[in-house]
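Presented below are the structures under discussion, each in the form of structure tokens.
Look at the two complexes coming up: chain A is in both, with chain B in one and chain C in the other.
The block that comes next holds the complex of A and B.
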């Protein structure tokens, strides 16, 4: 099986996880045609490959420059299956926060339609395996409908809030749901699949697996849930003291927000 | 005047292209490099809560994420006026060592390995297959990922660190598992050292270092600077070193970092070797002694020093693991800065890494400055290319490009880490020259 791998605007962290750690058997059997981490071939060589001559092309990272755009279109042409890997490729990722200043990257799905989208920053090894096995067996999976809360070890119960908190302001050994502690945990509006890794390491969910299937306006829904829990007399003060709204609600996917797409996202958000 | 273009420098982290201008007498007239990997982390950090910086900055680089995580934690803690307890320090040290091992082994066995062969070199996969280390390398990537998961909570772009503490507890079974997996890593470390020693030691010296060597002192409070030809390093308090650094931009896209009065300086494994004391562990002590006997610092042997550090890190980890606290109690630092700024430093696999933040009284970030090892080494690369140019095979373009790439790879440059090195420009209002190109000398 001929494969190609390329990083666009990315940290370069997604691809080694899968090929070197999670599924080396797949990697060994595959014929790597293009991957500049291990081969000396340049894009010049890649351009000469016949259209549809590669079975799977893996693209990691977001799109910012004309060169990125060219590579994305080239992959679509040369590869029978294009796999978008990681939060940057799917939604712009952390660098998408630059849209607060009206200048950021775009997800690659804004240029071409990938055949498979693997979520995460980075995708956990098990996620890679599930998605790729699905692809190879002809049943590529889509996003889960269930949220990270399904995998979270913390205790859930009804709650009311008098203020929003930053997670280091909570009791460190508390086992309660971060939302009930007033922390903007993105678990409720993020698809499961990561095993709630960050929550098991003391952090709230920061949302890197993106929205569950069918959920739109995930940030606004999270905000709505939190504001609904506020004691009315305290709501104004809580919202006034809340820092970093865009980062809290759309940490990995601001680049896909309708306000960004319409060019209306700015510092005054 | 002819131009030689290289679309992608291969086997490095990130995408970098080169254009070399050569005059009619084969003299080097200019070299420019270009990347479009700018992600403006210094800019997007502004306005974010301080406690999120260790998580966010780990996304700067998928290879040395843990180094950014640790440097960021230290910067945050300095601003908050707190110092983590001894047990937490040990967990962080173990976390850093595991990431060193993964980074160095990947660089040695996947990126720079084929450079041990003469031109034309094989690709990494064929080379690794030929050495017989392919299976052991892949096995160890898995071990190291699991080790990071045990210590940091995630196997990749791991987190764990929270200002004032560490969020992932380690059970006694997990600590035992760490020890068992590290034994396998130590085996690969030994084999990698032996391979590099055998292939490198008999080769001639090619690229002697004429720049000062710089490294963070082992206890982390000072920066050591060894000027060329000297035996005893100068010692700078960390904050003074940081304040002494001078950046030159000169209208270019890339920045260059100089240490007055020396100018360009080198960080990384080679610098650490000449600045750190001899280790106490049997295998790395023997390797250290062998390296000491080979003579003056030489860039063509940089990978050998990296291989030595793999050995050292695996042995140090073996020594450290039994001391890791079991199921430590969690603690968070109060978000009340006692200073308006914080400086964090960490010896990343590629060299000294600095994170500097200023923040307001609510611990919200006002400015971010991140000086990466690649940013610091850029000056040395720039100075060395014209110096070594006459010794490269100028008439055969493919061979020349191979030699230049081989030279660049000795620094193990990391393009995603060039967060500070590149200045942001809007794609809308910049020409290709403004966007990413600059003559580096």
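The block that comes next holds the complex of A and C.
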């Protein structure tokens, strides 16, 4: 099977999965026609490939420059199936936070409709396997309806907050849900599928798998939940001390935020 | 382009204040679009964001502290909107576009004044006609 891989604006962390031991069987059999990171080839080579001549094209990263746009359109033309890989391709990812400075990238889906979207930053090996198997058997999976909390090992109980915290300010031996510790854990507004990797390693979820199916405005919802838990007398102080609001709520998807898309926000300085 | 201000008015106070105001046939600025809601506490932040993308400004009006029909809906809304303002400022948004006021059903005239004041602050008054 002929495949092509390309990195747009990204950290380059999505495609090394091909070299991992847990990488899906699929990649060992595939014939790589084009891969900008591995082969020293230019787009010239790629343009010569006949239309629809490649079985599957994997695109990682977000779109910022005119060259990125050209690559995306070429992929759509040359590949029978286009697969968007990782948070940057799906929602703009970490580079999307550049929108705070009014110059961020766009997600891939704003240019072409991918046939399959694999979430994660980067996607876990097991996620690759599930999505590729689904694709090859003709039933490509979509986002799960359930949140990361379903797979999370931490203890849940009702709580009130007097302060918001960042992860390093929490007690290492605490076992409770991060929300109850005042940390903006994105698990509640993120689809499951990673096996709660970060939580099992003792770290709050950052939200890299994106929203569960059907959930909109996940950042605002997380904010609502956290603010509603604040003890009113302490709330003003807590909100004043809250650091990094944009990063806590929109770490991977600021580029898809309605205010960003409308172009009504971003500093002009 | 005509100015547009979206108002979310709590049905127990601000929406009634607007009805009272209407009896006096006031001059309201062009493009003020009020929505009656059940309580400011029931206003989803998602809806506020959507309104901010579509209008020049958003006015949220609820009952004065201690007078909420649902006891603390206005208090909750106040906190949520305050938090949202922190987010909006982190995004470089003009904070004047989101205005929150508290008033009771008898204060129709004040509501009218507040609406005019909002238009003035956003320099929308002359865009009307």
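Assorted remarks:
Heads up, the rule we're going with is that the second predicted complex is superposed on the first by the 254 of 269 C-alpha atoms of A that agree within 3 Å, B and C clash if a C-alpha of one lies under 4 Å from a C-alpha of the other, contacts with A are read in each partner's own complex, and residues count from 1 in each chain.
Definition applied: a residue touches a chain if its C-beta (ideal position, glycine included) is under 8 Å from a C-beta of that chain, and two chains touch if they have at least 3 such contacts.
Treat the numbers as computed from the prediction; the structure is a model and nothing was measured.
In the superposition on chain A, A:139 makes contact with neither chain B nor chain C. Once the two complexes are overlaid on the shared chain, A:48 sits clear of chain B and of chain C alike. Between chain B and chain C, the partner in contact with more residues of chain A is B. Contacts of A:221 after superposition: chain C is touched, whereas chain B is not reached.
Of the two partner chains placed by the overlay, only chain B lies in contact with A:9; chain C stays clear of it. By the touch criterion defined above, A:202 reaches chain B but does not reach chain C.
Overlaid on A, the two complexes show chain B and chain C touching the same residues of chain A, namely 100, 244. Every residue of chain B that touches chain A in the complex is listed here, in rising order: 6-8, 10-11, 13-15, 36-41, 43-44, 47-49, 51-52, 55-56, 59-63, 65, 106, 110-111, 121, 123-125, 138, 141-142, 145, 152-157, 159-160, 162-168, 329-335, 362, 364, 416, 424, 426-427, 435. On the chain C side of its complex with chain A, the touching residues are 44-46, 49-50, 52-53, 72, 75-76, 79-80, 82-84, 86-88, 90-93. Of all residues in chain A, those touching chain C in their complex are 99-100, 102, 216-217, 219-221, 223-224, 226-228, 230, 232, 235-236, 239, 242, 244-246, 249, 257-262, 264-268.
Across the interface of their complex, chain B is touched by residues 7, 9-14, 16-17, 20-21, 24, 32, 36-44, 64-68, 93-95, 97-98, 100-101, 103, 105, 121-122, 124-125, 166-170, 172-173, 197-198, 200-203, 206, 243-244, 247 of chain A.
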